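Right, I'll just put the structure down here and ask away after.
Labels for the chains are A, B, C, D and E, by order of writing; each one numbers its residues from 1.
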């Protein structure tokens, strides 16, 4: 007969262990809050530096003027040309990356063997790890001349080749995150479809992709953010000419390329021209945020419960 | 120290054995011979021989891991989706006598003739209508009117029509577990399968839903051959005409249900059905 | 049956066509990577030697090397790893194992997702304003390392969460049932078992950070520096020195960017060689990541 | 650590001046056998002055004179500085070698091409000069953030930063070189250093100077003052406080006395010997302030500059 | 049309009812009263009252989803890990009469006194030795010799010692399913629990492994109170002294096992044990 133990012998150690747990929990929470602090810091820095700019340039001009020449003798402060350049390069990039990334994701998730998937995925991630400067020159020196053969009259600097190269760069993000989402669709869903006599492609497009839609949307959003935020490729290959155009074969400047150009340039840091990069940065942040929010809403909307 | 628990089972007793009688005369729908199956190096089925009679319900029972599901999934080549698996022997499907597990036979063709219902109800995250229409669409059917007609028929056959006819467009996932399982049965029925496989179709359901599915299976005997895996011996006794007892990847005993449960031919079968393990 | 037969044939053909399409797209993607790497190797071949790795920058292209750059990059990566790893893992653990479902958690989650999408150049502006000026870290290894750590934090967090989530619930329950506290469950079980995934995420994050140019340019990294940071090991007690954290540095992408924009075409060879080495470094890191993943998967098979 | 080895001289600023400072730093460190460390950064003239006026660096590389706001910032922080021209940069106007119609250009033609009014109007070569063909005119130039842009616009259009906007700009002058190389109809301007190594792949346009002579960019033309108005001095600004330090003093003296061949080596144009001597004298005398008063001027000789009284 | 399947069950028959007799006299180890439990808005347990007798085996049976696992997991506050859950009523643990589900009682303290073995064997991916030693280490035990002694004792009690004594350093995952489950039992025993909870401990095991675990549970009665969930009524009959039949979150019947199986007091119990559903 073993006598029932009273909890007393443990009491002290339990109290100590629980105290330790609470301390650690707050430390962990603090680490989680780093993300929040970072966001706040970003907003704070951008706003603080952009305020003098906006005290000089009316917000309405900033948002509606169609010329962006903040560094010229007769400055005009319309952000639209930069936004247009950003959106056009992003669009070109996505036009390549979304189909390619999705096809690769479906192929890896539904067709390829386990071994192929496990080795191809990380290898593919290498495409996203190439230094962006390298990509910039790849666009200028290899892609543009090639495109010029297909499209005679294409200028040496254009959003098309910059966008395509950004597209190549973000294919792995789109593919890898979408593939994860497709993998997460439970196998019994696939089995249900196969048992009905569906082929792999039918199962992939009619059951797996709709089931993984929220994850795939997240992948696209990540790809968009990457494309919107890409700097060096456009700085090198798209031409730094703020140009309000929706034609990808023209040259243009994007928000990011403007920022990096000016932050390296010879402008006095107290000048309106220099402060304009923070205003531009703010717009960039708002654009990525907007995409993220739209994505978040879409994800919510399409989330499937199995 | 043996305690006798007497268990009444709703099934035809031996005395008025009409099923047994018909059984002898029913033609074979499928016939497994020397069927072996490997997961990689692990042999899960060891030379099974077994006949499935047309328009009858055949139950597979046996302890967990004995290979019931593995055997069942050979019939619609579900294992083709798992890399590293291998079939041996044959399963002939009649009347046209094709070998279901032969390498030359296309698994998609096989699956188009043989339906399956799974342990956990797995409706697609689509509308109820689209769930049932899925098999038709996959087969390339386009005409809306025709599809609607077939969907309604299938849902009626699955005894689900009255419950869902007013909300065909709501998600299949919005149904209760038992309704979901009947939806899956409707989905399978819509494609008019010759043979219907059930893998423990009621193990995730409550007693009332279970009873409805069992009724349904009994009714299905009129139109389609059924092969059902169950871990519930009472269920096997209630719904099936024939029962096979499997153990460690082998077929230990196969007989008319009434015979197998009352007078098992092998010691292992008896141990199992009397609950000595499982 | 006949009609269905024809249908099956067509559907199977689509299947095959898709496989072909998938392969073509994949091969195209790898062809680009391969072409890039080969091109850099071919252009940079004349400078890919030991001297290149052990010389400082110079006005003479044929004498210039990347010693300061690769040492700088390596040290930045050390800082980045040392900051991003604990913070990222801790945040991920908090979100997966501790976080109650409340608005604080929701805000953290939303922020992590958003940060993953914030352009790297914005991190550069943040670093310039916050680390370089407000915190007075100057253009130091510490400032650069912290910047890149923030940049890859979301990557580390997401990878860690995924790895942590892969630890089956029954394992956690077993530990709790034995009387372990939350932290004990985390430290004794969840973290050790998910280390493979955590390290993989870390390395993938680092291989992203190593090639980042824009944020480091905005902090204003040096381009000519002909000496190495203070060595971290010293001859006297306590043998460890952290003076290098405050040292000036240059980094591989900066050096490369600088060379690319120099007038003398000779520097372009150097840039290509540096690019090849940088790409080689990322290839190596990814290789390690694959190997780690493989090792851990083999060891722990649920 | 050895205290002497810790002496570090920090330079930062313009990417235009960078190659010269890098070369001098390299040679200086060799000459001092590594006892003094020199770092040279690139953060643009503006970035350089920002750090300079915060007292973070010793010497600021500048491709333009210090601006009014920067003068104020330095004054507020109590940073006094010595302005020292170190070399000339000859802005080069280049066209494609297959361009058969242009050899020389007048400043008026450049103005007609580049002034803000040209935007959307001057689209072909013919629009500039009726003798030139009616082929599209493709313009390339440095970004509006650069000192080169400021100087070029001031020298041609007559007003700093006054330019048409529809040209392809790049932070990296090699990209401009690429543009001229690949397009017959292209015209670009950039620093002489980018022209010199690529002289075979493009054609430098001779500019008609105020005396009516057409002169191409060359060290000789810059030195004798005939290549104008497109040659400009570039500077370093030395903090007066830092100049008290022996190693900084030594470095600046090295810069001004041994720098000329290095300047030439990196394809800039060295000042005349006399000018370096004058600069050295100004430095030794601690002559602080700028000769420009916060805005750029075109057409000044270095000697004139060095003779001026400094302002703050 | 009822077919009588007679099922012999190894358990004490009513006639030599010594267990029943002891049962009456054994003191209570724990006592649930008005125990309710919510998963969010879903009430899974509805006011259960039940006494667990000291040093006896109590079995919980009932159809799938009736709340057996939910009830079991209340005893060691496992639900605290699931957000949005809520307890009601109380479970008193004797002799010191603390309320296990009270908010004031630290769940860690509860879990340190009450062990649990799960449905699927879940050894840590650590060495066999470390698996068993884990509970001791968590409790702050440091002395190597002492730990070794306790580990050996627990492994012997779990009837695993002879099989693993030569490979204590190899991974717990390298064992077979049955051995893994015994390892999990050893792991729980090493901490000397007063009450041991089993949630369908044999449902993933083969018949031989099942038999060993059942033996072990019977032997454990000497030292520890056992509460076991099982879906196998024969198992309940074989190993338990008391059986509780649950249905839809309520306790339908609770009695000495011998009584409940031979002479159920309620119609629902009879329906269930005779296999009409489940």
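FYI, a contact is a pair of C-beta atoms (placed from the backbone, for glycine too) under 8 Å apart; a residue touches a chain by one contact, two chains touch by 3 or more.
Quick caveat, the model's predicted, so the values are computed rather than measured.
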item: Shortest path length from subunit C to subunit E (each step joins two touching chains); value: 1
item: Common touching chains of subunit E and subunit A; value: B, C
item: Two chains joined by the most C-beta pairs in contact, as defined above; value: A-C
item: Between subunit A and subunit D, centroid-to-centroid distance (C-alpha), Å; value: 38
item: Euclidean distance of C-alpha centroids - subunit D vs subunit E, Å; value: 85
item: Between subunit A and subunit C, centroid-to-centroid distance (C-alpha), Å; value: 16
item: Where subunit A touches two or more other chains at once, by residue number; value: 17-18, 199, 202, 260, 263-264
item: Residues of subunit E touching at least two other chains; value: 108-109, 112, 139
item: Shared interface positions of subunit C, touching two or more other chains; value: 11-12, 181, 184, 260
item: Those chain pairs that satisfy the touch definition; value: A-B, A-C, A-D, A-E, B-C, B-E, C-D, C-E
item: Residues of subunit B defined as touching subunit C within the complex; value: 106, 108-109, 112, 138-140
item: Touching residues on subunit A, where the partner in the complex is subunit B; value: 113-114, 186, 188-199, 202, 206-207, 210-211, 304-306
item: Subunit D residues within the subunit A interface of the complex; value: 14-16, 42-47, 49-50, 62-64, 67, 69-70, 73, 116, 138, 143-147, 149-150, 153, 159-163, 165-172, 175, 178-179, 182-183
item: For the subunit C and subunit E complex, residues of the former touching the latter; value: 100-101, 168, 170-181, 184, 188-189, 193, 299-301
item: Contacting residues of subunit E [partner subunit C, same complex]; value: 76, 78, 81, 83-84, 108-109, 111-112, 115-116, 118, 120, 122-125, 134-135, 138-139, 173, 184, 187-188, 191
